[in-house]
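What follows is a set of structures for review.
Next, two complexes with chain A in common: one pairs it with chain B, the other with chain C.
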Partner chain A sequence: MTAPPAAPAAPAARHRRPRASLGARLTTAALILATLVAGTLIILVKPDQARLQRPFFVSGTAGGPVSLRTLTVTVLDTAGAPKLQTSRGVLETTGMWVTVRLRVVATEEPVMLQYARIRDDRDRLFQATNRVDQQLVGGRTFQPGIPVEGTVVFEVAKDARTLTLLVSHDPGTLNIQLEGVAEIELPAPAEAWRTQEKPVTVPSAKVAE
Partner chain B sequence: MLSGVADQGGGPDGSAPIGRLRATLLNAPIRWLAGSVAAVVVLVSGAFGGFDKVDPHEAGIEALTVDEPFDAAAWKITVHSVRAVDELPPLKHQDEQGWRWIIVVATVEITGYAESTTFYEKAVQIRGVEGVPSKYADKVALATDAKDGALLGPGVPARLGFFWDQRAGAPVPKELQVGVYGMTYKLEELSGLSGWYPDEPDARPRAMLALPVDTRPVAG
Partner chain C sequence: MTHPPASPFPGPAQPGPFPGPAQYGPFPGPAQPGSFPGPAQPGTFAAPPGPPAAFGAPAPAAAPVPGSPPGHYAAAPFQGRPAVSPAFPGPPVAPFPGPPAVPASFPGPPAAPLSGPPFSGAPLSGAPFPGAPLPGTPAAPPGAGPSRDGGQPGWWRRNWWGLLLLVPALAGALSGPYLAEAREYLRDTTTPSVPVAAAADGWSPFAGARMRLEQLTEVKNVTDRSRKPLAIGSGTVWKATVAYDDPSTEKSKLDGCTVYLEDTTGRRFGDRPNELARADIPTGSGCGRPSSSSTKTPPAAGTRYQATYYFLLPKDAAPASVWITVPTESPSYARLPRP
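For the complex of A and B:
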């Protein structure tokens, strides 16, 4: 006996998702849009990396001590001219030599003064020059409680009008993120310095009384 | 099939070689075909000057003019001359003997908002000089006091010598291609630090100039 031929299979019932109503779809779109707008606003409002890790500027004036966490700095004197008298002769520049006499005292532990810049009225930054041996910046370790007086030499643009000294002990990473930075406006008669015939000199560093 | 209208042409006798060629082409590996096409392209390109030496000025690089400043992003460069001398005290070669100096004399001024730097040492480069192993200048010295690697502040132009060691056994080039390269001082958002950044790795020069090499001794 043979089995009767199988009846043709009925077409499978098609599964259909229930169609979302127009209101539900609009609500979904509005929620997505709101999320995107909120995300954008958070990104815009959130402080960026530069702001989060900015240095702590401590402002001061020439002649008065400015205290940071690790050291105290006092600007004693400033001078400027197109020529600089060094032990090896007179150095010339197309800019202007600026010398800043400082008193530095480490407060708690031995520190070095690694960061020294002059910022001008156009936010240009001038590092302490490497054309001469620096007395205070880079190589000298300041012992706590022993004040040292010395000169930092800068080579700045001739058209700089106002000069601000920035000094920090710098933890060694050559950036001053999250560090204290002394910010001292210098008495800088730049116009007179530009035409100064006599070279500026660099007196020796010494341990202060 | 209509005789004489066969797609392999001719009659039975004449159709065999073309048929084999067609079959060979159709059965050839794709790499073989691609290689053949590439060979044809190279040959045609060569016939129309594809192998000619490229003049950098024609390749979209600006031309420099001697003694005229060129603005290359954060600095202005003025190329003055090119010299070749054996010795120029107090500068010293990497070894005591067996080298001569190839010198590009240029004035560099850092412009705009920036910080003192020594990165300008990469601003002037030479290429393809026999016996010169270094891409960047071996020394960059101030013309005024021969200070090597002086920090240059913004707005303080300096006349500099860019010094390359060339092996003394190599011929002195009659002419040298000098390229000026750019860099930018900007705030890097990820680190939050301002710094100097090159155009891009192995960027092309922003401008070039062919200069004759002056071999006269330097006046003492």
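For the complex of A and C:
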């Protein structure tokens, strides 16, 4: 008597997850797609570094103080002419000299006025000229509560019309980042300045009362 | 003589009370009606072993095992509902998270004891009925029991913890890249912000030396070098004298220092500002050992020496302390209180 042949081994039972329905699979695919689309939109909408660190422009008018975080600026007077009277003589230009008399006072700690530009109606920027010694820009430190009045001299294009003063204590070599910038529209009768025969003068700076 | 098993699926027989023809029947599929080869529920399907019920014959009524607790079906004697043999490799039963264990066509447990002819419909699985529990059975806890489709909890209940973790994960992912920048801008370590307090004797240890504010006085009638009154508006000039004790003989950390005068409102004023450039005051700056003969500061003797500083303050400002700052020591600085 021989033993009966062994029956074939039964396949081991497997724990298999049931197949998801078509609706569930489509829902999963839709959710993944929506996540990818949302991520792409966030990346596209998210502001870039330049926008995140953009300066804070504080607009004002001539004659009124414009307060930034570190200093307060007031435009006292503006003048313009093709000639500039300095202690060393008269300087001429093919453009136009524009002088802006400012009152500057620091608020909390010693600061320097390191950024001064004039923006015209064509968004051109003119920095404070280096053809004369600037009284306020670059080399002077303002003490808190000590108002100082002085003149900033610009050399702008002859066809410049509307002029806006931009000043800040940030040096702004490339861009001013996360710092306040005073934006003051200047009363600039450019047409009259272009035909002005009398040179503009630069009064000395002084500590105001 | 033994006969080979007739079934091609001779899986291990479960020790059910009716190890009958399910193992030896000619059909490898569902168990034959009337046979009960499945695992016996305590007190449910327990019955004395015996010959398999004839095909189509009425199933014996379930009889509770003496001493066993009442089961799900103890209240209603079961009639004619065959179970699936565990050896049958068909649809998964209770331990498997598969589709509903009971066919959809099964209407659920009877609300009343069954009677009449034996049921010959779809085979009954070993899983409990997914429907409402019979009277006397405890209700399943919310979320833990079968879902509406009777197989497994719903998607929300299976993934609630993942959804919960998604909230902090999303917040971290969105804010993480900006933490370093925020720390840089909110805690600028290049500016003095952590004062080194003075000891009881007034000396402050800082930058490898000691220093003390010896004197802080207002300077009246400040003139320029031509003896004319200096135009400083309504401001007032203050003179501070600081004593240093610096044991360093060569390069001192104090060489690169900057000195400020702080008023009671927290404003800081610099030493010898532009407005005092023409004033008739001793020149000099910094905290190093005086060595130039051009200054009016007495030369240093030993490790100790003095330095004087001049500040221009508004009329309404009241001095409070002198700051000694060194860039390499930032954000720490020496804060010398007014004596």
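By definition in this document, the second predicted complex is superposed on the first by the 160 of 209 C-alpha atoms of A that agree within 3 Å, B and C clash if a C-alpha of one lies under 4 Å from a C-alpha of the other, contacts with A are read in each partner's own complex, and residues count from 1 in each chain.
We take it that a contact is a pair of C-beta atoms (placed from the backbone, for glycine too) under 8 Å apart; a residue touches a chain by one contact, two chains touch by 3 or more.
Model, not experiment: these values are computed from the prediction.
Of the two partner chains placed by the overlay, only chain B lies in contact with A:91; chain C stays clear of it. After overlaying the two complexes on the shared chain, residue contacts for A:59 are found with neither chain B nor chain C. In the superposition on chain A, no contact is made by A:40 with either chain B or chain C.
In the superposition on chain A, A:206 makes contact with chain C only, not with chain B.
In the superposed model, A:18 makes contact with chain C only, not with chain B. In the superposition on chain A, A:123 makes contact with chain B only, not with chain C.
Of the two partner chains placed by superposition, A:162 touches none, neither chain B nor chain C. When the two complexes are overlaid on their common chain A, residue A:144 makes contact with chain C while staying clear of chain B.
On chain A, the surface touched by chain B in one complex and the surface touched by chain C in the other have no residue in common. Those residues of chain A lying in contact with chain C across their complex are 1, 4-5, 7-8, 10-11, 13, 15-18, 24, 107-110, 140-141, 143-148, 178, 206-209.
Across the complex, chain B is touched by residues 48-54, 91-95, 117, 122-127, 129-131, 154-160, 175, 177 of chain A. In the complex of the two chains, the chain B residues touching chain A come out as 113-116, 142, 144-145, 147, 149-151, 153-158, 187, 189-193. Listing the residues of chain C that touch chain A in their complex gives 1-5, 8-11, 87, 89, 92, 96-99, 151, 155, 185, 231-235, 260, 266-270, 273-275, 311-314, 316-317.
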